[in-house]
Each structure stands twice: as structure tokens, then as C-alpha cells.
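The first chain written gets the first letter, and so on, giving A, B, C and D; residue counts start at 1 in each chain.
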Amino acid sequence: MKDNNFSNLSAVFVNCTLKKSPALSHTSTLMDVSKSIMKKENVMVEEIRFIDHDVASGVYPDMKTQGWEKDEWPELFSKIFAADILVIGTPIWLGEKSSEAQKLIERLYSMSGQTNEKGQYLFYGKVGGTVITGNEDGVKHCAMGILYALQHVGYSIPPQADCGWLGDIGPGPSYGDTEWNGKKLKTSIGFDSDFTNRNTTFMTYNLLHLANLLKSNGGYPSYGNSRSEWDAGTHWNFENPEYR
Amino acid sequence: MKDNNFSNLSAVFVNCTLKKSPALSHTSTLMDVSKSIMKKENVMVEEIRFIDHDVASGVYPDMKTQGWEKDEWPELFSKIFAADILVIGTPIWLGEKSSEAQKLIERLYSMSGQTNEKGQYLFYGKVGGTVITGNEDGVKHCAMGILYALQHVGYSIPPQADCGWLGDIGPGPSYGDTEWNGKKLKTSIGFDSDFTNRNTTFMTYNLLHLANLLKSNGGYPSYGNSRSEWDAGTHWNFENPEYR
Amino acid sequence: MKDNNFSNLSAVFVNCTLKKSPALSHTSTLMDVSKSIMKKENVMVEEIRFIDHDVASGVYPDMKTQGWEKDEWPELFSKIFAADILVIGTPIWLGEKSSEAQKLIERLYSMSGQTNEKGQYLFYGKVGGTVITGNEDGVKHCAMGILYALQHVGYSIPPQADCGWLGDIGPGPSYGDTEWNGKKLKTSIGFDSDFTNRNTTFMTYNLLHLANLLKSNGGYPSYGNSRSEWDAGTHWNFENPEYR
Amino acid sequence: MKDNNFSNLSAVFVNCTLKKSPALSHTSTLMDVSKSIMKKENVMVEEIRFIDHDVASGVYPDMKTQGWEKDEWPELFSKIFAADILVIGTPIWLGEKSSEAQKLIERLYSMSGQTNEKGQYLFYGKVGGTVITGNEDGVKHCAMGILYALQHVGYSIPPQADCGWLGDIGPGPSYGDTEWNGKKLKTSIGFDSDFTNRNTTFMTYNLLHLANLLKSNGGYPSYGNSRSEWDAGTHWNFENPEYR
């Protein structure tokens, strides 16, 4: 590994807006700030708009085996799994991440019964973050749920792995809007937020640093965390508290 | 760094029970499982029972500067800051982490205006996890809030950085209890939970692996995440979206 | 109103399972306990399985106006709006309500720009609760989000308006299961939980009492809460704090 | 009951700021807007600043029985219990309600083993709401937890029972501030927020309407929700699902 050289990394951004393409997604506008940094750092970047795909609901790896006629999750999973970094983007509705974001989490979770060649959960060694936009409230709450889900299925979370934009409380323009209630705004709203810009930048670089570090070290050693070894009876230095 | 050699690491476990010593804390009983693994791996381990200390409320580094007569936070902070790993333990009340856990988070947050010699937030390079016990419900919800707070102030979160124990829904024995409602139980409750034992073990080793990796690499490079450099005008490859 | 006579009330239960009919839904099994009480009390009861319907995603009353080809929400809304009581049922995935439950909330929220003949938000005078099932963790967290959303769009929440069932931590049988891992269980799991039975009963009766009280009083007076009057300049006894 | 006559009602506002008197509390400033409406409606109103009192931690009605030297909770409980309405005010720290708010909830919960003369949980028939202030994010998340706790211990929640103020994302002035970063602001920040003013007004009147309705009807009938009757074997129309 060379510090600050990220050219062998790849990232997938999954946008969980409720709007199908080509409708404008404010979440996508903020994800672009992070994607743009990554591209300049020679990271391979792809964006998926989740709602554009015919993804089934459920908690099996392929819902076509459960009676659903269509399920594009296996294809999307291949892309997500091939990348070192996953960034989940979501709008906020009533203080919560979108139903599409929750659906994505359910499908990530549907893979959690599977293990890698070391016997670890599939997503070990990968790194995750989140980008959140709303009018007024909820970035931290949505981030809590999303980052929790990511670490639960095996992603590692670097410092300050979330970013977002919110305006004043109450209805108002969304990130990047150039007019509101029929009035032109001086600038695209939010673009001049030093707080959002800084957090987006720090998140991006922290994802890159941790992904770099983990990738160059071959991910996590399986000592102490291999599900298959545990099930086979290896418990390392764990001792049942009853017998301590 | 040698893989799986953790002897140069240190960890602090902060127990946020509402009960002062020497009252039995079920959270402490589960933390012991993790601590015991660490000790066998030659990690230096310390446990702090937060409520035993006279910690002031507030969001300044030392509340004695704000009119409080006593504040033991500065001493506790020194210990927490000296350790590579922080594990926050909490009981669950009404589905939420304890008021002591929230107070600890407020005091960790009170340090977040300070930066290290690279200009990064203070806790960069350190690793965090959480241990949670309750009768019936709430491990994941409490973990969401605690892990979010840890990553927000700079800790890194490895995969599956939480563990806990819960019984059936409704009132019941707590982790490690040997009797309930006046009846002797066959074994200490929860000690035979393969799920809790495995999660506690995996959390422990993942904390060790990530702390090892970060420590042996000198923490995070400051490229892209130094607050002082950002404030001085260095923005790396960030570009204001207005001008892209 | 006659106390304890509920025969002029109606209730809709919306099941937000991820499984399409006719697959067994454990959430439905627990909702049946509440529905059965209501039926014996001569309440008109209907259950909707949300995922069986082709409901569009988004935050407009009818997404067909936004380019979606199909949207069954308007028909479902008519049923929900006609009822005095709404009970949202959900399974728990990764500690959160299902994506279908979040989608339902988004669609309820999509109606929140509309007001009734008194100028109040549409759902004023109606009463809401929630039924939640999972293997091990998350009833309270899911209930927090669902009950919050219900009161936000105008529902009133009586005491103890949630109920649920959870087993021990870790994988296990779901509510009502009669076998697990290939082994027959002595009884349907959870059916003998006094805690779940009591909470389900209390929730049901509290929903009925409050709905009865509100209906027989014509809902909330519009004094102090009419959006149209506020917008027209009536502020009752509110005084701008700047001029107090 | 006479509609819109609230003169026989009383309310307690508990401010869960981390700052002791006489320090300025922004949360108190917003609570004043609601209190002022109530006073003009001839409601008896009292405000308690929780941190000014020596309240012990724990989940027993009086922690002096558990070895704590002091515990002012019993006196505070008397006041809270005497009032028809409870409004919990809290600042937001790291997206969560304050540790003082969580402590208050723990102490409310500590009373939940007790029942009234009908055998119902103690707080049945009372009404609750919440007032939240922060710089930038978290009103809805904090409200979720607080309103959930209130309904869990027996309070009823009317529509739109929360209000709050937030500024743009990032550091900034707090509610009512007249200067920020050394610069005078044109007006007290937030005072001109139609959204906050409206929500505060609607919350206040909805609390009054529902408290009025419940009080004039003698609270909830005990049919279907009496803990003591349930324990004695009365199950009304509940039927064990095993035998249905």
C-alpha cells in the first residue's frame, strides 16, 4: 500500500431516492460531491439508483426462488460485492431513511448467512458510509440506522462516515435547489455550507484510507471471527462464563 | 505489526449501569467475557463504572470552568484517551441506553472541538464497540446510538462491533442471574447462549484486529481529513459543486 | 357515547410483512389476537396486506400523476381514511420496521398537505397503534418510529398503544410457529406469553376507548389547531416571543 | 366539560437542559411560548428544571431505599403526578435527547409498577408532549423516544404533540439567541419561524383538548386495561390464540 494512493479501489454509491430516473434527486447531487473527489483520486466509481431496478422484497438472496417473478437484486449485489466501498444515499421522510434504503438493507441482510473463504461474513474487509439529504431534520437519525446495518453485515466504519445537508426547520428548498416557492435563489442551496462540504470531504477520504488499509492487508485475519471455525468448535480465547 | 499479536494494545471498558458499586451489574458480567478474552491476549484492560465517579453534566471539557464544584471527567478522559479501544457498556431502560451512557457520550462530544497533532479530531485512530444487556428488547437500538456517537467523535467501528443479551419478551431474569422470582435457575441465565457468546467473541477480536492495524500504521493519514488544514484552506480534491 | 360499547367503530389493520399472500405472516398471527377482540366487541374490522397491492413509491397522494403507471394507494387510503382506528403491523429486520411499513408511512405522509372541513390535518380524531413481531429484538424501536409517524399525521395515541412478541436473542422460531429447526414445539410459540397477551389486549381496548371518546365528541375542536385558520392569521393565544 | 375552557387543567413542564439555573436555557425559551398560551387559557402551569434538583439515578420510586443519600424524585413526582399534562423539554446532543431527559424517563418508568384505584398504570388519563431545541438536527428523533416513553407509562398523545426549532446544518445560534460568533443578529433567532410557532401552538392546544376530554370523562374506563383485573384472571374478550 502506498498512503494516499487510492487507484486500486472501487466504490458503489446506491441512491435510495423514491424518484425514478430521470427525475432530479437531491441526494444524488450531494453524492456527486463525494464521487467527484473519488474520481479525481482515480477510484473506480459507480452509482446505482435503486428504484430504477425491479428489486423484490424479502430476505432471501434471490426472491425468484420464493415465487417472485422478477428480482434484479442478484445483479446489483454482484456490483456492490465487487466494490471495496459502499455508500448508501437516502432522502429523509418523516425523520427516517426512505423505504428504498430499508429495502436495500433487507437485501444486504439477506446475504448475511453466507461466508467468505475465511468463514467470515461476506462483507468483511469492505468499508461503508452514508450520504443523507432532507429539508430540515434527520441526518443523524438516518445515519445511525444505516451505519449500524452496514457494520452488522460486516462493513467497517471509519470516523465521521456520514454527511448530509439540512435547511432550517420547516418546509424549504432541498440540497442544490436554485429556486423555492417560485423565487430564484442567489446560489444553489447548500453548496456553500462549509459544514456539509467538510463532512463530505472527510467522509470520502476516511472511507478511502480505511479501504486502502484493509485491502492492502488482505482484510481481517480470521482469527477470532470465523463463523465456520466457531461452528466447528474453535473458540480461541473465549471461555464460557459459567466455567471461569 | 504481527497479525494476532495484541500485546501492545490497551482497552477501557466504561460500564454505564445505573447502579453504584458494589451492586451487581449484569452489564459488567457480560463485559467480563470480552475483557477476559482481551486479558488472555495480553491486552491491558481497565474497567470504569461511570456512576461511581462524580462526573458533571455538560458539554465542556471541564465543567469546573462552568461553575460546577466537582467534575471527575478530566481524569476519566485521560484514561479513555490513553487506550486504543473503548467499549461502552449499558443496560437498556424503556428500549434506550441508560442516562449514564448518554452522559458519557455528551462528555466524549465535549472533547470534539479539540484536534490531535495532525489536526484530526482527537479520537481518530482509536476503535470502539459496545456491550448491552437487558431483559427483553433493545440491543440493536442502543447499539445504533452508541456506535454512531463513537464514529462521530472519531472512533473506527469494525464489523459486528456490538454484542448483548436479551431474554424473552416481558419481565425476566437478567444476564447471569441464577434465580428469578425466588426460584433457582439451572444455570446462570444467558451463559449458554451461543449467539451472545459468539457475538461477544467476534466483537472482541474485531476490535483487536482493527486497533492493531490502525496503531501499526500510525492511525489515519491526515490527507483529506485534517480539520486544521481544512480551516486553513486546503481542500484536497474537494470542489465546490457550484463551480463543477 | 355509551362506555364500553364499541359497535359504531371501525378499524383497519395494515400488515407490512414482506411476504405476499398466501404465505404465512407471523405478524398477521399476532394481529389476529387484537382483531378477534375487536370483532367480539362488534367493531367492523378489515385487514390489508400492503405488499399484495401495487402501491407506488413517493410522497404524492396519487403517484399516477407523477409518471407511475400503477398506484393502488388511493383505494387503500379510502379504506384507511374511512376507519376510526389504524393499526400498523410490521416484522422487524435488523432492528427496524420493514421497508413496507416505511413505504406506508411515506404514503400516509403524502396526504398530510390536505385538511378536513375544520382545517385540521386529515387524520385528526382518529386513533392509531402498532403490532410488531420479530425473533429477538426491536419491538420498542419499531414502535417509536411508527407511533411517532401516526401522531405526526394526526392520529391520537392512547396509553400502551403497541404490542409485540420476541423470543430469546439469536435465531429462533417466530410468533406462532409450531416447529423450529425441524423439531416440533409443544405449543405455538408465544401464544402463552402473558406479557404479549396482556399488552395486545390493553392496546386493543385503549384504542377502542379513545376512538369512542373522540368520535362521540366529534373529534378535536378546531380551536387552536386549524391549519387554514392559522394561515388566515388566527393565532388564538399564541404570541410571538419577540413581542412578549 | 365546556369545549375550549381549560381553566380546570394543570400542566408541568420539565426542562431537561444540562445547564443549572440561572444559566440561560434555549429549551426554556421555547417552552415559554407554550406556557404563555396555557397561562392565557387559565391553565395552572409550573416549570421544573430537572438538573437543579438532586435526583438519584435508578429505577425505584425512591432511591433512598437503595442506598442513595439524597433523592428529590419523590417530591418532583408528586408535582408531575398532580398535573393533567406533562411536557418534557430537551436540548439535542449528538442527535439524541439529553442525559437528563433519559434520567427523567427512567424515573417515570420507576413508577410503572404502581397502579391507580382502577388498577390501571398510574399515568392513565394524563396527556403528554415534548419541546425540543437544537442547532441543526434531531427534533423528530428525540420526539420519537420521548413520546414513546410517555405513552408506554400511560400518557395519551394527541396529534402533533411535539414542537421544536433547528437552524441550518452545522454550528450556529440556538433558539432565541440575539448574537452569534460575536455578531448581533437582527432578531432573536427562531422567533419568526412560522413552522415552529404553528407547531408549538397546535401542540399546546391539542394537549389541552385531549386533557380536557379525558378529565371530563374520568379518564379511561378500566374495561380491558386494568392490570389488577387481568392478574386476577379477567381477560374480557381476549382469547388465547392456541384455543381459537
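As a convention for this text, a residue touches a chain if its C-beta (ideal position, glycine included) is under 8 Å from a C-beta of that chain, and two chains touch if they have at least 3 such contacts.
All of these numbers come straight from a predicted model, not from anything done at the bench.
K.L.:
Go through the assembly and pull out the chains touching chain B as well as chain C.
P.N.:
A, D
K.L.:
Same or different interface residues for chain A and chain D, judged by whether over half of the residue numbers are used by both?
P.N.:
same
K.L.:
Taking contacts as defined above, which has more of them, B-D or A-B?
P.N.:
Of B-D and A-B, more C-beta pairs in contact link A-B.
K.L.:
Using C-alpha centroids, which chain lies at the maximum separation from chain B?
P.N.:
So the chain farthest away from chain B turns out to be C.
K.L.:
Can you work out the whole-Å distance between the CA centroids of chain B and chain D?
P.N.:
30
K.L.:
Between chain A and chain D, what distance separates the C-alpha centroids? Give it in angstrom.
P.N.:
The answer is 36 Å.
K.L.:
Could you work out how far the Cα centre of chain A sits from that of chain B, in whole Å?
P.N.:
23
K.L.:
Find every residue in chain C that makes contact with two or more other chains and list them.
P.N.:
94-95, 140, 144-145, 148, 152
K.L.:
Please give the residue numbers of chain D that touch chain C in the complex, ascending.
P.N.:
Counting only chain D, the residues touching chain C are 3-4, 29, 32-33, 36-37, 40-41, 120-121, 123-124, 140, 143-145, 147-148, 151-162, 176, 187-188, 191-192, 197-198, 200-202, 204-206, 208-210, 213-214, 217, 220-221, 223-225, 227, 230, 235-242, 244.
K.L.:
Quick check on the complex: what are the chain C residues that touch chain A?
P.N.:
Residues 18-20, 23, 51, 57-59, 67, 93-100, 102-103, 105-106, 109, 145, 148-149, 152.
K.L.:
Where on chain B does chain C make contact in their complex?
P.N.:
Going through chain B, the ones touching chain C are 94-95, 136-141, 144, 164-171, 193-196.
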